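First chain A sits with chain B, and in the next complex the same chain sits with chain C.
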Partner chain A sequence: MIATMFTSYPRTLTAVAALLALLTLAYGGAMDAVYPSLLTVFEWLETTWFGVIGKTWGAAFAFVEAVHLLGLALLGGCVLAGDGRLLGVVLTDVPMQTVVERTHRVFVFGLSICLATGIFMACGVATKIYYLPVYWFKMLALSAGMLFHFQVRRPLLSHDIQSLNPVVVKMVAVASMLVWFMVAATGRWIGFSG
Partner chain B sequence: MADDTNSEDKDGVKMKDDQAAALVVAQAFIVFSAIYWFTQIESVRELLQLAYG
Partner chain C sequence: MNELIHNLAIWLDDTEWSRMLHESYYMYNWVESTHVLTLMVSLGMLFLIDLRMLGLALPDVPASRIAERLNLPMLVGFVVMFITGILLFYAVPVRTSQSLWFRLKMVLLVVCAVNAFLFHKRMNESVATWDIEPRAPSRIRLGAMLSLGFWSIIVVCGRFIAYDWFDCDTSPNTLIDIVSGCVDGQTRF
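Here is the complex of A and B:
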């Protein structure tokens, strides 16, 4: 019985394990154990080229932040278009599979821009963000969002969407919007903290 | 013929697994988001009440 469950539902079991791991990391004290040792890493980040440029040259930081926001707009637009189509709210005259495929490609591009520029920005203010709980929450939300997109949403939508349970498809669309909203909101929150 | 049936069975099992995983994770995200934003809004409301009565 248990062996059958393991062979029939490997993705579901992995997803449950990942959720429990994320919760343990956030609220189970695992983060408290790792947190002090990370300070040296964040102090080192500020001494790197990225850190020095970000700290001393305001225009460079502002330029990279503008690109970061454009990447976020691209990512958010893809989430709204793709998930909005799954909910049957936008682009209803275009087949779901087409919208999902095309938005995914642009989503990956937007995410890559956000990650690259985000690393640069983090280096410039590394010792500030280290002490901000909201920064760690954003990283948790970002990890959850990426895992959700590539390990849950994408494999699900690679099947014929019409043959999937519509309730599951709509719940995935809502959850996807919520997790990326959380990433964007906590990102802006960092700007208003510390 | 038997191979085709086998492959269809495998696809069906994989689809069930993908749907179950999506359902579990989506539910968790929706519930967590609802609780998180509710507590955030409540804390702001309490702060405003403390400040302005």
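Here is the complex of A and C:
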């Protein structure tokens, strides 16, 4: 039976396993063992070009912060339009498959902007965020969001959505909105911490 | 005019609610977070509409349908941003009213409103002829590009307000002091 389940839902099970591994690492004591050795990595990040630019030119850092927000707006717009359609709230007269498919491309673009600018910002304040619990929450939420989007939501919705159980489709939409809201909210809270 | 704005800001600053909002760690952060996170609703929808006009998003969905259906959530987002924006100004009125970036942001908001009015007017006049085309006509595309550009600058200005590079008590540049509306000897945060 397990073999049948794995062949039917390989990506979903891989995503769940990866999430469980992440949570175990974060809360199961393994993080406590790894955490001190990560400090050298974060100290090194501040010595990279991104780190030096971010620390030296406040205007460059602030500009990248703004671009990060623009990427977030794009990403959030796609999530709300796509998941809103799955919930039957927006674009109800456009086929679900069309909205989900077409917003995915823009979503990837928005996510790429967020990741690129996020790495730059992290390098600039690496030794600060290392000590912030909310930064690690954000990384967990981001990992969960990306795993969920690419390993669960997208493979599931690439099938004919009309043939899927409507409750499952709505649950996927709600989960997607919640996880990306969590990513954005924890990201915002980094600015208020430390 | 600057003196009038400054006196109004001082009056707001002296009100009890302004002080409470400014000094409340959680309340101020909640308002600011709501202002920033609502970007996903307001600008997220606006970007999708603009990108549709440029043929970069949802090109096979009629342009008028995207614009009409995403208009309501976009406006709800803007209303929330407007209310939280007023609260953020109310919490720190003196410094904000003398911020170069805040003033630039306000001017650009007016420019964006004019651009949105012209964009919708032009779109409504001609949409029947190009509704299902992947790309809108050049005039509409120009409006969409201006919208994307101006809103991006508004977000940059909004972010820059938090930094004190050109604050009245730190800026050595007279021209920036004039544009920022610095009132001599009356700086208070």
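Simple rule for what comes next: the second predicted complex is superposed on the first by the 178 of 194 C-alpha atoms of A that agree within 3 Å, B and C clash if a C-alpha of one lies under 4 Å from a C-alpha of the other, contacts with A are read in each partner's own complex, and residues count from 1 in each chain.
In this section, a contact is a pair of C-beta atoms (placed from the backbone, for glycine too) under 8 Å apart; a residue touches a chain by one contact, two chains touch by 3 or more.
All values derive from a computational prediction rather than experimental measurement.
Counted by residues of chain A touched, the larger count belongs to C, out of chain B and chain C.
Of the two partner chains placed by the overlay, only chain C lies in contact with A:63; chain B stays clear of it. Within the superposed three-chain model, A:168 lies in touch with chain B and out of touch with chain C [touch as defined at top]. Within the superposed three-chain model, A:159 lies in touch with chain B and out of touch with chain C [touch as defined at top].
Contacts of A:102 after superposition on the shared chain: chain C is touched, whereas chain B is not. Shared contact residues of chain A with chain B and chain C: 181.
Looking at the complex, you find that chain B touches chain A at residues 13, 15-30, 33, 36.
The touching residues of chain A, counted against chain C in their complex, run 58-59, 62-63, 65-66, 69-70, 72-81, 84, 90-94, 98-99, 102-103, 105-106, 181, 184-185, 188-189, 192.
Residues 8-12, 14-16, 19, 144, 148, 152-153, 155-156, 159, 163-165, 168, 171-172, 174-175, 178-179, 181-182 of chain A touch chain B in their complex.
In the complex of the two chains, the chain C residues touching chain A come out as 29, 32-33, 36-37, 39-48, 51, 56-61, 65-66, 69-70, 73, 152, 155-156, 158-160, 162-163, 165.
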